[in-house]
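In what follows, a single structure is set out as structure tokens and then discussed.
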Amino acid sequence: MAEEMNKFSRELRDDDHFHDECGVIGIYSPGDTGIARDIYFGLHSLQHRGQESAGIAVNRYGNIDYHRGMGLVQEVFSDDRIRTMQGDIAIGHVRYSTTGASLACNAQPLVVFFKGGAIALGHNGNLVNANILRDELQDEGYLFQTTIDTEVLAAYIARNIKDGDIEGAIAKTMKIAQGAYALVITSGEKLIGVRDPLGLRPLVLGKTKNGYVLSSETCNFNLLGAEKVRDIDPGEIITIENGEISSMKFDFGETRKTCSFEYVYFARPDSVMDGRSIYLARHECGKNLAKEQPAEADVVIAVPDSGNVAAMGYAEQSGIPFGIGLIKNRYVGRTFIQPDQKMRDISVRLKLNVLKENVEGKRVVMVDDSIVRGTTSGQIVRLLKDAGAKEVHLRVACPPVTDPCFFGIDTPEKKQLMAAKYSVEEMRGMIGADSLGFLSVDGMKDAIGLGRDNVCTACFTGDYPMELPERKDK
Amino acid sequence: MAEEMNKFSRELRDDDHFHDECGVIGIYSPGDTGIARDIYFGLHSLQHRGQESAGIAVNRYGNIDYHRGMGLVQEVFSDDRIRTMQGDIAIGHVRYSTTGASLACNAQPLVVFFKGGAIALGHNGNLVNANILRDELQDEGYLFQTTIDTEVLAAYIARNIKDGDIEGAIAKTMKIAQGAYALVITSGEKLIGVRDPLGLRPLVLGKTKNGYVLSSETCNFNLLGAEKVRDIDPGEIITIENGEISSMKFDFGETRKTCSFEYVYFARPDSVMDGRSIYLARHECGKNLAKEQPAEADVVIAVPDSGNVAAMGYAEQSGIPFGIGLIKNRYVGRTFIQPDQKMRDISVRLKLNVLKENVEGKRVVMVDDSIVRGTTSGQIVRLLKDAGAKEVHLRVACPPVTDPCFFGIDTPEKKQLMAAKYSVEEMRGMIGADSLGFLSVDGMKDAIGLGRDNVCTACFTGDYPMELPERKDK
Amino acid sequence: MAEEMNKFSRELRDDDHFHDECGVIGIYSPGDTGIARDIYFGLHSLQHRGQESAGIAVNRYGNIDYHRGMGLVQEVFSDDRIRTMQGDIAIGHVRYSTTGASLACNAQPLVVFFKGGAIALGHNGNLVNANILRDELQDEGYLFQTTIDTEVLAAYIARNIKDGDIEGAIAKTMKIAQGAYALVITSGEKLIGVRDPLGLRPLVLGKTKNGYVLSSETCNFNLLGAEKVRDIDPGEIITIENGEISSMKFDFGETRKTCSFEYVYFARPDSVMDGRSIYLARHECGKNLAKEQPAEADVVIAVPDSGNVAAMGYAEQSGIPFGIGLIKNRYVGRTFIQPDQKMRDISVRLKLNVLKENVEGKRVVMVDDSIVRGTTSGQIVRLLKDAGAKEVHLRVACPPVTDPCFFGIDTPEKKQLMAAKYSVEEMRGMIGADSLGFLSVDGMKDAIGLGRDNVCTACFTGDYPMELPERKDK
Amino acid sequence: MAEEMNKFSRELRDDDHFHDECGVIGIYSPGDTGIARDIYFGLHSLQHRGQESAGIAVNRYGNIDYHRGMGLVQEVFSDDRIRTMQGDIAIGHVRYSTTGASLACNAQPLVVFFKGGAIALGHNGNLVNANILRDELQDEGYLFQTTIDTEVLAAYIARNIKDGDIEGAIAKTMKIAQGAYALVITSGEKLIGVRDPLGLRPLVLGKTKNGYVLSSETCNFNLLGAEKVRDIDPGEIITIENGEISSMKFDFGETRKTCSFEYVYFARPDSVMDGRSIYLARHECGKNLAKEQPAEADVVIAVPDSGNVAAMGYAEQSGIPFGIGLIKNRYVGRTFIQPDQKMRDISVRLKLNVLKENVEGKRVVMVDDSIVRGTTSGQIVRLLKDAGAKEVHLRVACPPVTDPCFFGIDTPEKKQLMAAKYSVEEMRGMIGADSLGFLSVDGMKDAIGLGRDNVCTACFTGDYPMELPERKDK
């Protein structure tokens, strides 16, 4: 029974999307008694990047206090605990994971104590040679206490610090660590941000009244009273110390490969990433989709909330009016009563309801942001048909997802990806749509607008931006 | 500290809206072991009508088992408890209240045991002569155990049952009970729905595969596999027994006065109430608003989520493009860390962030559904101006709220209503908008479309649909 | 699984004892801002009388605020809630129940609002004609909202108040209510204590610095800074108002029948009840047991904690040295992991462990306070034998329990009572003891020392102190 | 407010005792699906050794799964989690700490992953050169993730494993690790027990039906169906593998120094430690105390529960009858409402109440197990005097505590120890007793009975069994 319930609970959470694995934030604000509070609120605005665990570390003159736990930011921290977390520099982390073994010990920031002091580190991303590095470290006698690749990074960095030169240690680590990483680090009296040589995962710098903030996204800058300064460059180590910024940048001879899925789905639309507004990119995806995959229809609707922006772009380009076709229940929580067997498509129906007025008797273009396993698309199409839609034309604002990600995104293994196994026409049939169209890879790249060579599209093309030494059938 | 935190927590919940006080549901489905489950899921879709307490009562051959508690539906019920609730008829209730004294003992359904059996009753609405009736009942020796007017109704009904004639008892009660009430009742082997003579509060009948459902709104019909049959008429008592429907209807010589605020804000857009789609009514409000209160502007944005539909209507009518201007944080919970003093407008900024791309350098029409105390409108306007909006023209998709409701809506007292104290121009100045325009009463009535005489607009006009024998300075 | 776990959890709680159903307390202390706090701590010392629900009502000039909930006193109340409960008079209640249907709505104090005001009432005891009275009340149109007989009492009292004469109403009620009841009541500006005509359930008056306290037991007087004044007499109504005590006493022509089980097991040994120290009574039971049921043995041990005092008495009388033979785990909580099937007698072994040094190779007298169903006695004897006890002579410090109680004690139905079905010799065989001896009824009566006619021994003799109009096969 | 409450909550927990810091258990039982369950129940019986955190690690063919958390054993584990913990070997740990910084990350067992596999380790004790070893390890590049000395042990052991020779690595570690440690370790297919060269902390081996158990105490053997085999020797490494026991023992040329406080207070009386029954040792302490510190009195009472056994010994030796003088409230929990200022000695009164019958008008000998800071003794004496005790003669069943422990016991710093600052006569005056007597060091040693040279009495004499390289003013 418990297992069935958990299964249903997972099903409810599962909205057939990729999931980002982490969000990071760091604040430098000496003398600010509210620094943990600011991290808390900043994490709150990054909550969409990870809901499984949350943690904060504060640094006062090199002494690090930290608190981590399973759950949403608001579940992990009490006002009492926040009040006791005092320091001049602080970092925070939220994490997502669908793995059963979601262990408390894997929560971040990771804190390690070495000879010269302590270092706290929060990581968004994934190393593709973590196991190799892990073995090397173990050969040297290093003992791991977690199963996350972040410990590999922390270990390499901490072990390579000579005479307090943490940036040098980070640089050394960057030469051997392959994969995706955006890091916020605090040690000594420094706040440090690091971005992998390809810039796969995002990290941006802002200026507050009393200091600086590093964050995965800019969507919390307004809340924190921060002005965006700039994105951290691929391969850059940025250090904030004594109120001043210094930077080292390594030319790894590689082209920038920003993750395209951040633009397609992960990031909040009110963030600007590598200079490009997520909202505008997503809107442009919708417009390009309309150009590439037109439809004869009466109304354009979105699968809320993530399909909203692209649907509006589609409507604008196509001239077909945008309408609300599906209403989302805002009270869907994380635990649930197990439904009766008789309730068809219950997990979708609990979350979505058709707005008949915009659907009945109409030819509907339904815009979704992506199709991963295809588990819910068919259910939603059925909802629309049941409500009297004459035709349902499914338009997807990104290309077919054919390959897993190895750079920090939680994706199913390849054999579970619908587009890896079926043709578009087969998918259309399974979903029950009258037509099905995807945005092309170039159409997406152009919408993102960073240059066709500058985005990673591995999950759509299998064209990974680096070798995968440990590729396993994920 | 605790008090400050509670204050902040309340502030966060307060989004300057009226709040509905209740939602009700009843299901008649003999032999259905999943009836409590269906009530549970049905309540889940009515959760927007009340988040403070939830309750379910199941009736098996006249024996009533019930469970009530404080919190969201998903917090009050466990799978174990739901499984033990077996019966042929069941009713459910959700309740909202901002009063400090939100007591567990006031949760519904109310269950009373009388000579002939038991009766369970769920009530949405408010009596205006409850204290008078309360006194009368107490004069006759009745002892109250709660402070809710629902107990007055239950007492009158139960005490007037003669020879099992519960409908007769209800009819008697309807003659003396003044105010608003939509009731779901179960007793003996009956499920009964009642609507007050003016039809102030909604109640609708649906047909399921195995029986019937009564619900405050139709938005759960799809989930429950129900087809709408019809709205309960004002003054009607509808009884479902032995699988058949019978009805008594009393002509109280009064004109229907459906609550206009259901259309403006309370009900879900995917509900149809008294034959009129909430979505269409709200959309039409937006269109009429555009006609009455045009603006020279570059973009129409909504205060999400409740302003969305009207904003789209405004955009459509005015020809000014609709855009997303504000992004809502979906993870705002009910408890929070107290913010630092330095964070300006924090409670609004935690919930909303500006989407600069649609606002910066633009003349913005911001459509909100209503202004009650005016506490947040100024903060949102400031957000937009801070983000570079050239002009902000606030348009409100209902008339100025000048008077409290006495018919089941949680409203502040008159002196807290912004429009009760200030002219539109004064309000504009306080809010900091470049212009401010409200929909006219007739414009709203026409949008609702039930006939100008058939909606209650007391909160906009002070023109109450009945005398208020107990009117106190609410 | 959940059911199995609950079963085990119940098994763990079940220590084969009768259980008291309630404890009550009332404090009169005008101007004392800490009155709810005192009730809280006073209830804490009555927690052994009921662990299922707890409640407090405070009375300020006739206005009653209350809070009730399921669980231990410390689980039901927060410091915040206690702080808001202000009044001059307050009452509190703890309740025990093994029934599955342990409903929140049955928690006390019960509060009812009548014409003249409000009344809060806490009840320890049970009416034997509750259903008859319930029917009568329902015939008169009274509607019940709970299933507890306390509501019958509250209803009769509240309905009979004329011109504020609450004592008169109580007196009237006492004439018709048959059974056991110790009541604390507050209404208007009065604190009232009531004891049934037989004095079956205890109630005692104490004097504090600022006022008075009524309590089921004296064990909290030291904590509350109270001096015992006297026990409330059978049939007495005591009123505290304006700082003065007045009393009405009704001569119902009946002999006092104090509950003997309070002395045998329920009450705390540091309480004095009807002038008799519980400790001394229990000690004397042990001595009389030694006289009546001697044994050739090397050591006297107790089943802790409830057998301790009688065992010491037995040792003292017999001259056989007292020793600790069983150690109790102080961390046994209310929820547990389900044990493996292989663990024999696990529920007893989790709670008790043998102290081999005092048992091995010895002839042991094991003194228990009572045997109800006999479920654990055999397990404990087996523990001792496994540990090397040569002989185990079980001595029980009360007579065989043959009949259920109808006066406020939670007892199994007759057919579950071991002594109702089996002879002493049969019981001995089933338990596996080398000998088994019970205290005689007269031996117990003499130990209690209130006079042989003045204690109720119905559960040992079936000789109920009044007719049982509603006796059902409990 | 919150701080005051926490202060009071701590005060309630503080019963002026030393506290043991840990309890450990390990089970070897291949093929036993209930092994985690057995560890769970075994920890439950060691709960008195640590209530702050609990953890279990299970080992299946070298793969280790673990779960740790803050709180009591029953709070940390759910049935679901226990069911998923499958293995052939398992270890468990409970931990106590009064330090504010009671971090989740310091919970045990500690699990580290090295090249050849993984190792899980649970530690009871304390190293006196942990910081020195910590520095050495950090010099070699080791990175710590916790602040506990257990990580030093785990690191040394894991780094010194060559070709899977874990015992060799342990032996190496034992040569440099100074202090107290009883360890349970699992790695590969082994369960290993280790005891420090002085045998300061206890560890005992038992035989179960299917395998073996290692435990801090024998009190859980009965529950687990285990027969005691023998105590682990000082300096011994015992290995269980393939169902067989092997042992290495190092002669460090040191005399056994078993912790005397285990006998005085920590261990459960139903445990046997180093061949000596805790119960008998404690009883003998009482007898020796009576010989050394006689008193003219009418009754001997104990401060329950920890003074019970010694008090009985005192009574037996002195011929003064033993009586119950103080009743303990069994429902004292961990969180509480803050009391009113007016309540004197509230924290003691909530826990203890006088049994007047055995105290009033009497000359009382009150036996306590130990006096640490002396904070509660005076309050208890006052309780007795308030209840009418004519004289109170306080007798303490161990010597005056003058020095802190550095071997795994949580003790206040020296300046907080009453006997470090005051003479016995001064203490008597402060406590308000009529006379005060302590057991002599030799009297205690003789009662423990392991030989006068074989027990550590550092906390009574300052005579530490080894140098303290890192002694700080604790």
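Couple of notes before you dig in:
Every chain is named by a letter (A, B, C and D) in the order it is written, and numbering of its residues begins at 1.
Simple rule for what comes next: a residue touches a chain if its C-beta (ideal position, glycine included) is under 8 Å from a C-beta of that chain, and two chains touch if they have at least 3 such contacts.
None of the values given here were measured: they were computed from a predicted structure.
Look at the contact of chain C with chain D and you find the same residues on each copy: over half of the numbers used there are shared. Look at the CA centroids: the one farthest from the centroid of chain A belongs to C. The centroid of the Cα atoms in chain B and the matching centroid in chain D are 59 Å apart. Per-chain CA centroids place chain A at a distance of 36 Å from chain B. Centre-to-centre separation between chain A and chain D, using Cα means, comes to 47 Å.
Counting only residues that touch two or more partner chains, chain A has 1-2. Against chain B, in their complex, chain C makes its touches with residues 2, 68-69, 80, 104-105, 110-115, 135, 138-145, 147, 154-155, 158-159. Residues of chain A touching chain B in their complex: 1, 5, 34, 37-38, 40-41, 44-45, 47-48, 51, 72-74, 77-79, 82, 219, 222-223, 225, 268-270, 272, 277, 279-280, 305, 308-309, 312, 316, 321-324, 327, 329-331, 333, 335-340, 342-344, 346, 349-350, 353-358, 383, 386-387.
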